[in-house]
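First the structure, which I've put down as structure tokens, then a few questions once you've had a look.
Note that the chains take the letters A, B, C and D in the order they are written out, and that residue 1 is the start of every chain.
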Amino acid sequence: MADDLKRLRSEIEETNLALLELLNRRARIVLEIQRFKTEHDIPAFLPQREQEMLAELMRRNTGPFSNRTIHQLFSEIIGASAELIDLGREVVALPRAEPMIVRVGGEMIGGEQPIMIAGPCAVESEAQMETVAGFLAGLGVRFLRGGAFKPRSSPYSFQGLGSRGLQILADSARRHGLLAVTEVMDPRAVEEAADSADMLQIGARNMYNYDLLREVGRCRRPVLLKRGFSATLDELLWSAEYIISEGNEEVVLCERGIRTFESQTRNTLDISAVPLLQLRSRHPVIVDVSHAAGRRDILAPLGRAALAAGANGLMVEVHPDPDRARSDSQQQLSPDEFVRFLAEVGFPGTARP
Amino acid sequence: MADDLKRLRSEIEETNLALLELLNRRARIVLEIQRFKTEHDIPAFLPQREQEMLAELMRRNTGPFSNRTIHQLFSEIIGASAELIDLGREVVALPRAEPMIVRVGGEMIGGEQPIMIAGPCAVESEAQMETVAGFLAGLGVRFLRGGAFKPRSSPYSFQGLGSRGLQILADSARRHGLLAVTEVMDPRAVEEAADSADMLQIGARNMYNYDLLREVGRCRRPVLLKRGFSATLDELLWSAEYIISEGNEEVVLCERGIRTFESQTRNTLDISAVPLLQLRSRHPVIVDVSHAAGRRDILAPLGRAALAAGANGLMVEVHPDPDRARSDSQQQLSPDEFVRFLAEVGFPGTARP
Amino acid sequence: MADDLKRLRSEIEETNLALLELLNRRARIVLEIQRFKTEHDIPAFLPQREQEMLAELMRRNTGPFSNRTIHQLFSEIIGASAELIDLGREVVALPRAEPMIVRVGGEMIGGEQPIMIAGPCAVESEAQMETVAGFLAGLGVRFLRGGAFKPRSSPYSFQGLGSRGLQILADSARRHGLLAVTEVMDPRAVEEAADSADMLQIGARNMYNYDLLREVGRCRRPVLLKRGFSATLDELLWSAEYIISEGNEEVVLCERGIRTFESQTRNTLDISAVPLLQLRSRHPVIVDVSHAAGRRDILAPLGRAALAAGANGLMVEVHPDPDRARSDSQQQLSPDEFVRFLAEVGFPGTARP
Amino acid sequence: MADDLKRLRSEIEETNLALLELLNRRARIVLEIQRFKTEHDIPAFLPQREQEMLAELMRRNTGPFSNRTIHQLFSEIIGASAELIDLGREVVALPRAEPMIVRVGGEMIGGEQPIMIAGPCAVESEAQMETVAGFLAGLGVRFLRGGAFKPRSSPYSFQGLGSRGLQILADSARRHGLLAVTEVMDPRAVEEAADSADMLQIGARNMYNYDLLREVGRCRRPVLLKRGFSATLDELLWSAEYIISEGNEEVVLCERGIRTFESQTRNTLDISAVPLLQLRSRHPVIVDVSHAAGRRDILAPLGRAALAAGANGLMVEVHPDPDRARSDSQQQLSPDEFVRFLAEVGFPGTARP
């Protein structure tokens, strides 16, 4: 009896090894096809072919595995092969290619020093932006954020100053030698925003807005792409690919918290996203601590944690007078609080001469 | 000693009653302001005023409650007052106003009979749509769905046939006397879609795409608004408000599953959304069982459950040959499976003479 | 060139078919081993063997697939094989074996008629239970619930009357010819509870309390096993297996809502769990609508939906005076509300003569 | 007309100020009652009283606010008052009292240096533990973990060596001058575990197992309490309170990842939990990076992030030969990997002479 069991087990082992050999053989053919396609400039990925393969295999299947199981196992095998090859322009490539540096004006995102993007949630007035810009420039911060178009849950909430807001932001940034970062929501407004801002932001709510992604992919500005608050990391990388596939490779990824059951924070900062995105893509990764926390009192520990995890920069909301802010008043730092925040996270910026 | 405690407790009770009186007095003033504004056509909701009030209260606060607590309690009180009044055009109004009926062509959504929207995930060819349209018309289904613009995670996946797809859908629907329902993703494509389709769909990925919502709010077609897969019901109602506030009240809400940790289904159908949306708005509510389940084998029980919970209709993906579909092949029903599905959910449709 | 690509593709197809053949061969050997083990009474599942296999395969792997990928693909293959065989006493078996009926007293759960379990959240007094029991018996309800040991977030909240509560519940049930259902939390209290109640409940918080599960597996009472509020369906089935593996097969599964980001309901009722659990196990499935909703106003639509999805019964909290209840006052129905609820869900119970 | 609106608005403002005054008056009375109760040793919290108050207020309510709104607003007010006072032994107290230090043997958790708890998922053999213990001691690690009782989803998976495992762990620890940390699952096994281990662990699956919490609250060993994978921070603090309320204040809290939709990691490490738990309680907080990640390749960045966020220590799984581990083989570090991990997180431990 023990012999029978032994024999069956060694049959399993033989089959395992034969499967191992076949799987790797399949992977080699896939790589060869890929090389061939690249040489001859043939599109890499044909989802229809995949479906046909699966259908064929289910037709040929005689069991004991069900068609469902066969579909699932081969989807895994096809998926594993796909990971081997260069999807699009390498966003998803493993192992990590040389990390890239995204240049905005004279600044580098992804270089040795982490960057800091700061400024109010929304551009509210010239006076407000002038105050903030001067203050930030004095602290050595190089990136000024400010929303001209604000995505708000309610159509009756303050929606931003629009074009005038863009102008105020650009003027304040220029006067103080800062780089302006601003969100775009409407594909028809991308050109105008690209004319005045140095970097365009795609907000969490628009991570799946593919026509918008394509539009910023066609403009000549670096893009800060925020993770949707329920987007998987895969989906974030695919959204980056929408931008890249239009010709704009200057994409910075931004983790800003995901939606979970925990209600002490506005979102749950997914700190693992930082190393995982860096393992799986070449793009710099920054962390927006303000939207993750939704409260001021834990921003410094979160900022420190993000940098310790390897983030290439932080984004923080700073307002001259948070209690009077027209949006997000709970999470914006006052100037004093921001100075403390910089010290607590150990930001190496220094005032320009 | 017991007397001291008793005295303190009766002081608490007196304070409670005084608070009760004051809260209701405040509610009455709010209602009076609202009446006044409506008569004089003044915008209802000024978020800035709210912020000013809260800031004032925090300045005046002497404790023992912290400013944080005071901010939170008054936000609740202000929020409760807001619920009393007519926000926008009553989407959020409680208790439920007369439920509305959305008319598409000659059909009513929200009437006595639940409706059925069926068709393939994507328009793939004339032959495919002709087959499906004829088949559905023969079963008494009145709404034909089919995606011409497909939002896909990867830019390399099949993205739909675009304008040609719209035309194919419209032609097949017209030939068989059906009403065409199709998704729009780009505000610049709304006009074209509204010209050929009978009802426009906003997909789950675009529920927060406010410029798109405003654009469909300006067109003359009824809108099927799907809940984002991590959107709260409040956010869904506010997104409806974006459409309504532009003048288009013909909005049908659609529950299609939310993202959770459970992986047996593609999404978790939030069945409670059906009665809750009906309690909190006047709009019809339908359920897309295909995207909720992401698998064929439980569509009938989910469809039955949705109708039993009070849904005004169902949406289901049907494809002439699901295994060869260019997207969502796991969840589309074959014609035979759809016939069984109709029988199992007890759909009352009958073939037109 | 086209020829080269064609050749490579046909090699892929050949490899696919060879993989298909090998996978099914492996499945046949697994089934043979299983048969052999059953005959000779050898434990079915040796996780260590599995780990050894995976380690061996990684040692033998020469790429291009990484060890990580090989580990993942073979874990899937081994998992698919495991699904083929009879784990334990078939809880996880696919396709569904003959659905089983759990008998409690003279009643059947899983039979033609759905059952109704009703009663207060907690046993609070003899008067309360006497009122409820008489009332429920008069409506044809056969199962009386009531917590003697209450799991509460805070140790300072009302924890139930303990042993005295058990006695009150049992007495009220007996006097009115009802069957008593009550929760156990401590393995040391199982025997006492089994002596007085007709059915033992494992609450959501204790679904992973394996020593408790084993203990109820050793007693002679049917068990109502609630899904943890963040448990996958797989985990629920494995927890059932803990009970069954000790010899007690009389397990009824209970869906009661899962924790998600949506806050309009206390939990999100996962209606798909009903058909999925029935597809994947032989055990009856009931739905606790009170804990899912956490509010009274949508219980009837949820109850209708659960029955329409195929649930074998409902569980509802009913209290003579919900506003004075010592726990869960927001979600317990008053007697009048419960009468309306029964009518609205179409409960077929009738008063005993 | 503008005057009318102005008048109404100033009425709102007066009401606001009156409410502010009343709310703070109520808070002062609550504090007085609390002081009185402490002096006279009366239980602090009577949930029934709270229910009675709410019921009374609803009876007295004449609108326009609905009873539902009144219930909600007063629940907030009562909750805010409760936050002011000392619940139990201050776990929930705000602002943070002097952080406490938990002493285990001669070591301090919560002191200047973060601690490191390392060792295999499960105790598998004497040889394994001897190897690991010697290796860890040589690196200056002071806490040795190892599971003797393993909570596993399946009853057929390896369940740990039980009492023999406890003995092996204790012996290895003693031989190498380490402190033994081990999980307890069954209240009946607490005494035995407390006899041999230096610190008892409550695992994530048992965070709601209140009878077990009470039992470890009665023993004389420090307790490592892990957050349930879907537990809110409030619930974690209340579970700590179960232990403390039995007399054992030596509780260390442990964040170990929560369940979300993201599947790249086994759980999502909730890094915000570290500062939030420290803000809201006196207890040390450590982070189990192995269970959060469920994979080896991002443990170092997560460890650095946890320490940067202020964690008082880390917990990591280390196994002499992870590929042959009987559980969790994907996430346990090999000795070489652990040496690199310590270097990367900058662990200050040094070998004992």
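By our rule, a residue touches a chain if its C-beta (ideal position, glycine included) is under 8 Å from a C-beta of that chain, and two chains touch if they have at least 3 such contacts.
Being a predicted model, the structure only gives us computed values, none of them experimental.
Using the contact threshold fixed earlier, the set of chains in contact with both chain A and chain B is C, D. Among the remaining chains, C is positioned farthest from chain A, on the basis of C-alpha centroids. Chain B and chain D, compared by their mean Cα positions, are separated by 38 Å. Distance between chain C and chain D, defined via averaged C-alpha coordinates, is recorded as 27 Å.
Averaging Cα coordinates per chain places chain A and chain D 31 Å apart.
Across the assembly, chain D contributes 230, 234, 259-261, 263 as residues in contact with two or more other chains.
Those residues of chain D whose C-beta lies close enough to touch chain B in the complex are 1, 4-5, 8-9, 11-13, 15-20, 22-33, 36-37, 40, 42, 53, 56-57, 60-65, 69-70, 72-74, 76-77, 80, 83-84, 230, 259-261, 263.
If you check the complex, the residues on chain B that touch chain C are 230, 232-234, 258, 260-265, 268-272, 274-276, 279, 292-293, 297-298, 301-302, 304-310. Only residues 43-45, 47-48, 51-52, 54-55, 58, 71, 87-88, 151-158, 185-189, 205-206, 208-212, 214, 228-230, 234-235, 238-239, 241-242, 245, 259, 323-327, 329-330 of chain B touch chain A when the two sit together in their complex.
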